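There are structures below to look over.
There are two complexes below, and they share subunit A, which is joined by subunit B in the first and by subunit C in the second.
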Partner chain A sequence: MLKMTDVCKVFRTELVETHALNHVSLQVDEGEFITITGPSGCGKTTFLNIAGLLETMTSGQYLLDGVDVSQLNDFKRAKLRNQKIGFIFQSFNLMPDLNLFDNIDVPLRYRGMPAAERRERIDKALESVGLFSRKKHLPAQLSGGQQQRVAIARALVGEPRFLLADEPTGNLDSNTARGVMELLQEINTAGTTIIMVTHDQELANQSPRNIHILDGRISNGTPAPQQETDKEAAPAVA
Partner chain B sequence: MLLYYLRLSALSYKRNPILSTLMVLAVAIGVGAYMVIYTLNYTMGGNPIPHKSSQLFHVQLDTGDPNLENDPPEQLTYLDATALIAASPAFRQTASSKFVAVVEPSNPELLPMITNNRGVFGDFFPMFDVPFLYGRGWDRDADDNLEQVVVLSRDMNERLYGGRDSVGENLIMDGLVYQVIGVLDDWTPVPKFYDVNNGPFDASEDIYTPWNHIVDKEFSRQGNTNCWKAIDGSGLQAFLNSECVWIQYWVELRDRNEEQAYMDFLNSYSAEQKNLGRFERPLNNGLFDVEEWMIEQEVLPDETRILSALAAMLLAVCLLNTIGLLLSKFLGKSGEIGVRQALGAHKGSLFIQHVIEAGFIGLIGGILGLGVAGLGLEGVKYLLGQDLLVTDWIQLNLPVAITTIVLAITATIIAGLYPIWRACNINPAIHLKTQ
Partner chain C sequence: MEIGPILRAMTRNKLGVVLIALQIAFTMTVMINAIFIINERNRLMARPSGMEEANLFHVSSIGFGDDFNEQIVTADDLAMIRQLPGVINASETNAIPVSSSGSSTGVRLVNDESQPSVGTAIYRSDEHILDTMNLELIAGENFTATDMRYRSESGATLAEKTIITRALAENLFPDVAINDVVGETLFMPGGTSIQITGIVERLQAPWPTSSLIERSMIVPEQFLDGNSLYLVRTEPGERDRVMSEIEELLIAQNDSRVLRGLSSLTETRADTYRLDSAMSSVLWVIIITLVFITCMGIVGLAVFGINRRRKQIGTRRALGATRFEILRHFMLENFLITSVGVVVGAALTIGFSIVLTTNFDMPAMAWYYTPLGMLSLLLIGQLAVLGPSRGAARIEPAMATRSV
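And now, the complex of A and B:
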């Protein structure tokens, strides 16, 4: 369902050319929980941004549910992002002037969903992260862990097939981080594919499949169980 | 989504109240100042009779000095005005001149008063769609038979008769008895197009009477009189036979054919006069409709054009400031824009959101600008009140208020286009990581 072949990303300035991703090939199947690790500046976030259609690639092919995204314009990429991808960020990225309800409402607004359906989904999402009673609160009135739960609710409210998480526990203490990780595992168990970038090797070890990126290349990859017998799949090509 | 975006705009205002208020003030001052000048130009340079201005023509005959190459005189001589009236080939026509007289009120409690009057032909009232409160004007027979009738302005009727229907009353003017046959409703065309030679922003006259009385009763004429040639002799008759111009002359022509026919008539008349030794300059008669005549006579003072340019420059400076402030504000929202993109917003929807936010600032700026414009117009009234007799027309009316709001919103959106474009083209990936 997510297949990258020979994907390169080059950042160019007048003086410097940086190869953030260098011929990366990867396939992620439905229901997987993948962690991406690697040192700072290795290309983890660039990979996630390309996977999340926030960044374009310099070359290569990227198929998302069979759709070649390199051919899509901004409108179609945004629509695909809205319908199929949820994001969780290290710094939560909640909008400070909007209460929890309105924060979670944002992706549904862009989907053009009727108000009643939006309300129902938002209430359900808030209940699922245990914050329904605080839906009129502003993000600043919550703890870091609670804010990340709201961000997760916002990412899931549109029922995306992918959840992309960029160091979702990076700003949290270890106890809270464990709680968030457990929540992500529950979400994955319910069927959502998760790709999570992390610096934390302990968290990476909890996922069935870990991809390590070094200098823009996949240096090792734990193949997904179902891919071991799939000859066409390319779990990791550096 | 419009209401959603408006709500986001209000929240954004609250988030940066100082920056937002600075923008609102910049827009309010720029638009307010511009609207003060616009109102003056709109009123002073506006079309005072738009529904038929293209059918009303000021008549110009070139009776000027043959030794000069100046424009033809704006007014007519007595000889020419009476000749044109005698022929009367137009659908309607009137000569028109100012005079003053002493009116003795029938009310013994009122003292005699000097009134500003106008001699006109009966066609004057239907030609210019002059509104009547009571009674009517007079017909051509009354002109020809020198009937002693008058039409009062509403204000004069108020002063002489307390505002009641005074039709049928006798009025003593310069010792002569006139009968009141009509009272006008409020009528103050701005500019006073039918006599721009004697103060385009002066008040309308108090009393109207058949024009022939000015000569017949030897009333005291008022207004510009220009003579390029010395008067041959002395006394009224010598003046009437002279080349002195002092009479405004208007005709109503309903279509192009009538206009062409009247021009042919004027040229034919000029040719006759040339044969008689007058009209020594080359043929150069003119028919100007109301708007053409306002432009020809440069009714709008030069100062207002300079002020217009200055006000436009001030507006431009304020909008340039607004561009800078909007750039700062919108680029400061890069993080939020990045998040919205991640959540499914495309550039088009972000563009619309920020256009509405700019429009929201423009709306508040426009409302505040109305206050600035209102204060400015009061200041202008105070300053011009001593020079212009009529200042009541300088006011913030509904069209001006709507224009102010629309201008403020439009100008702010235009000012916001570049900042919005910059903000919508940020790389969301950078801001999501660093927010």
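And now, the complex of A and C:
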């Protein structure tokens, strides 16, 4: 469902040229749970941004569900993000002035979904993360773990094809982080593909497939267990 | 549309919203009432005097010396002026419309001084005055040279005929057809009777703020007090040339006098309405300043709000918002704030207008001022917030994953 070939990302200033991603090739199949690890500044977030269509790549090819996204304009990329990708951020990125219901409603409104269907989906998403009774609360009235659950509900409410998580447990204590990780594993078991960036090697070890990035290159990778014959499905090519 | 969430979010940041909404409300109140006052002034200034002002000028001749015979000099002067190339006609008159200086009297339909009189401006002039002023005679006839009376002492008029304005005729004879007013008799102060021989469509009194501005009468009479006021009508485009020559020609005719007050009617009107024009200009400056300050307030609030929410905007973009949807979000937010302001402003505007009408004798404001003002402020608000909103729409979705 996600296939990157020779993807490069170069940030240029007048004085410096930084190769954030250097000829990265990767294929992710439906239903996988992949963790991305690497030291700070290695290109993890850049990889996530390009995978999530938040940034454009400098060169290479990226196919998302068979669609060459490098050919898409800003409008189509936004629509594709809205339809197919769910995001979970390290600092939750909830809107502090909106209650939980309205926060989860944000991606659905951009989809132009009817109000009744939105309401049904939001209630279901809040129930799935155990926060239905708090739907009129503001994010500031919740703990960090609860806020991340809301963010997960927001990511899932649009029923995306895959979920991109940027250090989703980075701002949580270990107990809460474990709970969030379990929730993500449940979501993956239910069929959603997950790509998670993390610093936490222990969490990375829990995933069936870990990609390590170093200096903008994939330095190693564990093969996806369900991969079979397709050579291009090789997990990492540095 | 995200009206619900935006409104709910605004209620959690009330102070900035309330302050801007109040600023918009006060701006609208001042703006609409000031525009109404300006328009009222403009309407008063634009009232026609009844004369062909563009081609008129006037000059005063003040005679001195024992052998100065005003009646003869005036007749000679007018005969000379009427012969000048480019001159259509000229008259001697005691007053000129829009000059702020003239005479008034009271007329009655019965010779009984205990009865109330009707106030009117009185112009003392000659049989040329209708042509000189280019007045429209709608009934009756003009004076003739034999109608002219001359007197050197103040007191009751010696004239036996008068031409009055339609407004004065309608005031004196509200139930009589205009043509039938001709031939009626009026009684002047002191009991002198005078017959109405003609009616003109319009001839304003000299005082722009007077309540009797449209009520005037002309009598064929010259008051010989040594001061002759000549009113001259020229061909179009000839006024300034004739004005530049007239003083020299009059002095050459008779140098036992002083000439002064040479002025075109255009200049006289500008002088008379100078305060009104100045007030309009001051009010425009106030309006523009207030609107500018309000725009700055709107821009300031929008820029502050956008800078405070850069990460939120990035997150919205990450969650699927297009650039247009971000632009629309902030335009809508401003529209809601401005709407609150203009609704409060509408109430204040109407209240203020009632105060002006009640206490300052101003006419009631037309109904369309308030909705037009509301619409203008909404439009101004949207224009003010367009720039910041476009800036917000340019925020990249990758902002969502940035830590700063």
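Just so we're on the same page, the second predicted complex is superposed on the first by the 235 of 238 C-alpha atoms of A that agree within 3 Å, B and C clash if a C-alpha of one lies under 4 Å from a C-alpha of the other, contacts with A are read in each partner's own complex, and residues count from 1 in each chain.
Just so we're on the same page, a contact is a pair of C-beta atoms (placed from the backbone, for glycine too) under 8 Å apart; a residue touches a chain by one contact, two chains touch by 3 or more.
Quick caveat, the model's predicted, so the values are computed rather than measured.
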item	value
Subunit C versus subunit B on the shared subunit A, clash or fit after superposition	clash
First (subunit B), second (subunit C), both or neither touched by A:Ser174	neither
First (subunit B), second (subunit C), both or neither touched by A:Asn99	second
Which of subunit B and subunit C A:Gln141 touches, first, second, both or neither	neither
First, second, both or neither for A:Thr18, with subunit B first and subunit C second	neither
Intersection of subunit A interface sets (partners subunit B, subunit C)	45, 49, 52, 54-55, 74-75, 78-79, 81-83, 87, 89-91, 93, 95, 97-98, 106-107, 109-111, 154, 158, 166
In the complex, subunit A residues that touch subunit B	45-46, 49, 52, 54-55, 74-75, 77-79, 81-83, 87, 89-91, 93, 95-98, 106-107, 109-111, 154, 158, 166
Subunit B to subunit A touching residues, read off their complex	1, 4, 11-12, 14-15, 335-336, 338-349, 427-429, 432-433, 435
Residue ranges of subunit C touching subunit A (in the complex, touch as defined)	2, 4-5, 8-9, 12-13, 311-312, 315-325, 396-398, 400-401, 403
In the complex, subunit A residues that touch subunit C	45, 48-49, 52-55, 74-75, 78-79, 81-83, 87, 89-91, 93, 95, 97-99, 102, 105-107, 109-111, 138, 154, 158, 166
